[in-house]
Amino acid sequence: MKLLFKRINRKKIPLYANFIIFVLIYALGAIFYRKFLSLRVFVNLLTDNSFLGITAVGMTLVIISGGIDLSVGSMMVFTTMLIALFTEMLHLPPIVVLPAVVLIGVLFGSLMGGLIHFFNAPPFIVTLSGMFLARGLGFVISLDSIPIKHKFYYNASQFGIQLTEKIRMPIIAIIFIAVVIIGIILSHYTKFGRNTYAIGGNEQSAVLMGLPVGRIKIMIYAFSGMCSALAGIVYVLYTLSGYGLAYMGLELDSVASVVIGGTLLTGGVGYVEGTLVGVLIQGLIYNFITFQGNLNVWWAKIVIGLLLLFFILMQRTFSTRTAAN
Amino acid sequence: MITANPILAINRLCKDFPGVKALDNVDFFLRKGEIHALMGENGAGKSVLVKVLTGVYKRDKGKIYFEGKPFYVHSPKEAQECGISTVYQEINLVPNLSVAENIYLNRQPQIRGFIDWKATNKKAEKVLERLDLKLDVKQPLGSFSIAIQQMVAIGRALDLDAKVLILDEPTSSLNVKEVQQLFTIMRKLKSLGHSIIFITHFIDQVYEISDRITVLRNGMLVGEFLTDSIDRVELIAKLMGKKLAEFSSEQAEIEQGDENKQGIPFLEVQGLGKKGLIEPFDLRMYKREVLGLAGLLGSGRTEIANLIFGIDRADKGQILLNGKSVNISNPHDSLKFGFGLCPEDRKSEGIIEDLSIRENIILSLQVKKGCFKYIKRKIQEKLVSKYIDMLKIKTPDMEQAIKNLSGGNQQKVIVARWLASNPGLLIMDEPTRGIDVGAKAEIQKLILELSQKGMAILFISSELEEVIRCSQKVVVVRDKAKIAELTGTQINEHTIMNKIAVV
Amino acid sequence: ASGETEEKAAGGKKLVVGFSQNDTNNPWGTAETESVKDEAAKRGIELKYADAMTKQANQIKAIRAFIAQDVDAIFLAPQVETGWEPVLKEAKAAGIPVFLLDRGVDVTDDSLYVTLLASDFVFEGEEAGKWLAEEMNYKGNIVELQGTPGASPTIDRKKGFENIINKYPDLKIIKSQTAEYQMGKGKELMEAFLKAEGENIDAVYAHNDAMALGAIQAIEEYGLKPAEDIIIVSVDAIKDAFEAMVAQKLNCTVECTPLLGPGAFDALEKHLAGEKLPKWIKSEDQVFTKDTAADYIDSRKY
Amino acid sequence: MKKKNYSSLLWPLITLAAILVFNLIFTKGFFNIEIKNGHLFGSIIDIIKRAVPVMIIAIGMTMVIATKGIDISVGSIIAISGAIAAIIILNTGLSLFFVIFLSLAVAFLFGAFNGLLISYIGIQPVVATLILMVAGRGVAQLITNGYVLYIDHKAFEYLGIGFFLGIPFSIIITLIVYIITYAVTRTTAIGLLIQAVGGNPRASYYTGINVKSIKFFVYAFSGLCAGISGLIISSDIKGADPSFAGLWVELDAILAVVIGGTPFTGGKYYLFGSIIGSLIIQSLTTTILTRGVPVQYTLVVKAIVVFIVIIFQSAEFRQKVLRGLKRKIQ
């Protein structure tokens, strides 16, 4: 046991704590509810939270850098509207549309990053107006929801890896996992990722250490913009439509997932792996509510809050205990 | 004065801040292969010169030539790329990343575009080995003492292998051994043709290592001197702006009587300790007494201070105040008992950057009084100007944000904060760090005066000389344990060194 | 009827129905939910209920969770019309019939759901428009308090209303802004309209009752008499609107019934009995005015 | 401090003035203030009155942000305090004093709950307040059973729509909250300690400041402010709307605080700046409502204005522009 503790990196204790608690809660669900512990439910957990998770990966890097990106939800929705516009109104082929929307996401992110860096503006306000802008532009395209009928998107949405005869890992879950892996590699094995941690740790020092702080910051927001655009593509595959009002408040869920995953909002500390767990925990909490299925409407909200509280408290006690050991 | 081909030539450089002429037509020349000391009182403009040179601040006027060509950089990054590597005065590294990363940030060895962590850690260990430092480079930098952080910062700068190396007060938190280690490396670099700008307040070190000295005062150039051709008294006169005749040793030694040290001590520490932090120790302190703590870097002096002040909670032992056991579980408690602690790390434990000098100074006194008894503005101002005068804090006015002060002046503000709170017991952990010669003498004098007036002072300093001069009793600490207590004539460099060194 | 249902379920087991509601953040949605719940309890059917908190993604999640739990039928009150094709296909593949409540879905294959029980939002807008046009003598200035932009009731109620108003050149919609179906915002918006247009305003059309109730307060505080100086018409017919009509402060409200529970379970039973159902079972909505409101107020449940 | 205070308020004030001047030019009668039935009446008054809830919340939020925190639960606390007031009025004969006292006490307790989680248990502020943000609305809906509860109580209505000496009473309440907050933080050392804690919590701890209790009270105070705001909102619409009252108001309040010059990084705050910030947001909203901006463009317009505000408030931008102008003149 002692040896095990020695080998564990102390910084990662909250991460392990998270993971263990996730498994515990999952087990709890399995005890309480029939069919909770099934492959299908697990695959659903990945699939249904994929777009949230993808934005959360971008958000993780932003928060590690000491910033915040409130535009992720709107950007995702704007992307769905763009795809709808390009595909259904302008009849462009997917091979043009998909790279185009990703590029727009990157540009949008860089624009915000640029404002934040060059004008030394608080990320909260810049990305909040980014949030208004992206939602607003979506409305300008159309107030109505637009079904996307192009065959490609339908076929893509049906694509997946057959796990068992009946259950398939859909493409969007695969994209989610891929983005998480990219996020992990980026944050841990590239200069860009490490510089992000440095900026979050102490931006002034990072400047004096000779890091290209401006460029990195812009890249961070560009990456987050790209993730949001990818999430938009995934959302299109999920619903085959574009809709300007979709998923109000995604940014908050995304921030919550990141922070629950152990990333500090003050910057400098965090893990993309943790965010994955954070996203799954949020999904799990909602699963509890649906499987319970008889909660009074308002009790559902209270129970979600209580579960969140319960989880956070577990996380705290667990990590302080382990750290003290 | 201008010799042929200086690698760096600064011509009539000016830099203004609101209310301050930080640099006023300063000339400076650095030759190839020399170690050039830059000296001046706190707030003379040394750090600003470095920062303008490396692109942190924009210059207002003046020309800089680097290797004969006009030199204009916008950021430390560009300066680095041009071959100027700098260790700034405050440690500017990131505490949340590991030591190895701090050394190799943005230059990590890579395999196929991805960071090679093994190589990074190995190389970092090598770099630190040059400085004779052995530590787990995978641990976050923030978990180490500032001395170690300072060494890491030096390590990073050295490894950049630049043509010009700038060291802004690198030795203020290092002990003798480490300073020697650093000097060895500096000499080696010099022999390889690198040029070094070295900023320090230690006169001895300047004479030991530098070839030439440039002195600044109030943002203006006083002059450039060959180290061999200027003697100490003259140098100090230049630094302080006094004519040679006016300058006399103000360091009147105060008699160290051993009287009235019987009876119930003011403060008695019995077996106080915390597992993994410091072994249980005893201490007795009387009023009117300065107790010095001596020991090497990392020996546990700061731990002793923190444990008494309640920053860390002891798991063993007790503290008696005037013979009565008191329960101290946080700094708030100790403040109420009339303790004060002037912390070691001024950047993270001392200053509150955005607050003004006035607010920084009155803070502890205010907390002690309770937050509803707001000290009247007039009284605040009187108090603050008293300390500004007393400690010669150099600032246009007391409403200046503390972050705009020079490093040494920030330190003075923190000292002033604790003096203002008028404690019964004052713990000073490296209070003279980064402070110029004149002010250092002032502070030492002040410590003695305060103790005469009845204050008990626990004095920690890495400068043994200073500990010896001020203390009536010296406790020697080694490897996180108290090993000896010396009094009277035992207090001399030789005995203390022996205690520290002999295993 | 309840005995029949239980027989239908295999092995005498209770019938399990999953109900995905999009939003209970308003009295209307609450009433709808209660109606479905009460009816399920009455018939001894186990209801699995999931509130999506206005997020379509949550609804899809819930449907998938229902499929994973092998429910016998799914009731879906969709948040928006598009985006259901993939998940409804999954339900179909699992052999679970889907019944839509209060709003339709836009799918290429209409065998994906059994039937839709709902009012017709365009029709509601038209009814409001017709009533108002007549009341105003086909002349005057109208301000419109829109619902949440992009929501389908907003779009349809606006469209239906404009269908009628645009026929009469002397009827003008002079201002139209969103108050997001909220009472507080309705009040704020009406206040702003009054400041900008003042007595120019002859009538208010609100996309729901809550906003109309807010507007009434704004009009009163401005110093005009609601329902007299300014004609007010809205949609929903919640009980509060009846009270306002009885107090002679609201002129007219067009019903949009949320009491879909009984109809939905009837449809479910008919479907299980093998009966073929029409694709749209329209609610029979009425128009109520302040003159007749007193007769109905006691029978209003929500 | 004094001098700085003014210069950091300058740009928010200029922004506010710009929006108002725009209206002066394009909206007729915008600046007319009449006296109608002995009450002040006009668009400007409306803007201030409509900004009241955000202003009061922003006062509490300023303190929270000054300690480097954030409170996103205020919207839910608004709903709860309104709901509590409504059920007390509807079910008991308690006097208005008790109605107000009890609902504010509850709001304070919820704020204290946030404070407890954040300062004593050490949970990050966003997550801690997120818990209440989600659950709090459920609590409010549970109290009112999901419906809007109508309050028919003349004295209670006075809070939101009454007039005192011709001035809307809610504006007076805001003024009182502002003055009390200002006085308490500036005539005692509390303001200083809050800034110290936000500026450098570690150094503050070393100084002997009770960092935990300061954080605790700041959140409790924010809850209290939300409670006051909740009473005004429900009094204004004569009803407690558990679902929509205060929905997303936290974003507006945070925006107001930051536009007003208080940095997110803590350590400094400008109470008056937050008031200006709230007025900027509200005058923008009112302008959009009255200018007849088509619904689908509302958000885009709002975003663009905020972007412009950001750029103009940035010292970097001003420096560059000023230098450019100087060069042109030369």
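The first chain written gets the first letter, and so on, giving A, B, C and D; residue counts start at 1 in each chain.
Throughout what follows, contacts are C-beta pairs under 8 Å (C-beta built on N, C-alpha and C of every residue); 3 or more make two chains touch, one makes a residue touch a chain.
If you're wondering where the values come from, they're calculated on a predicted model, not measured in any experiment.
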Neighbouring chains shared between subunit A and subunit D, ordered by label: B, C
Comparison of A-C and C-D by number of C-beta pairs in contact, larger one: A-C
Centroid spacing, where centroids are CA-atom means, of subunit C and subunit D in whole angstrom: 33
Computed distance of Cα centres, subunit D from subunit B, in Å: 44
Gap in Å, rounded to a whole number, between the CA centres of subunit C and subunit B: 71
Two or more partner chains touched - positions in subunit C: 24, 30, 149
Touching two or more other chains - residue numbers and ranges from subunit B: none
For subunit A, residues that touch 2 or more chains besides their own: 139, 143, 297-298, 300-301
All touching chain pairs, where touch follows the definition stated at the start: A-B, A-C, A-D, B-D, C-D
Touching residues on subunit A, where the partner in the complex is subunit B: 9, 11, 185, 188-191, 194-195, 197-198, 200-202, 204-212, 268-269
Subunit A partner contacts - residues on subunit C that touch it in the complex: 18, 21, 24, 30, 33, 47-51, 53-58, 60-62, 64-70, 80-86, 106, 108, 148-152, 154-155
Complex contact set, residues of subunit C against subunit D: 24-27, 30, 146, 149, 175-178, 180, 182-185, 187-189, 191-193, 195-196, 210, 214, 217, 221, 223, 240
Parts of subunit D lying in touch with subunit A, wherever the complex brings them together: 68, 72, 117, 121-128, 130-132, 134-139, 141-142, 146, 251, 254-255, 258-259, 263-264, 295-304, 306-307, 310-311, 313-317
Parts of subunit B lying in touch with subunit A, wherever the complex brings them together: 56, 75-77, 79-81, 86, 88, 92-97, 101, 105-106, 108, 110, 113-115, 138, 140, 156
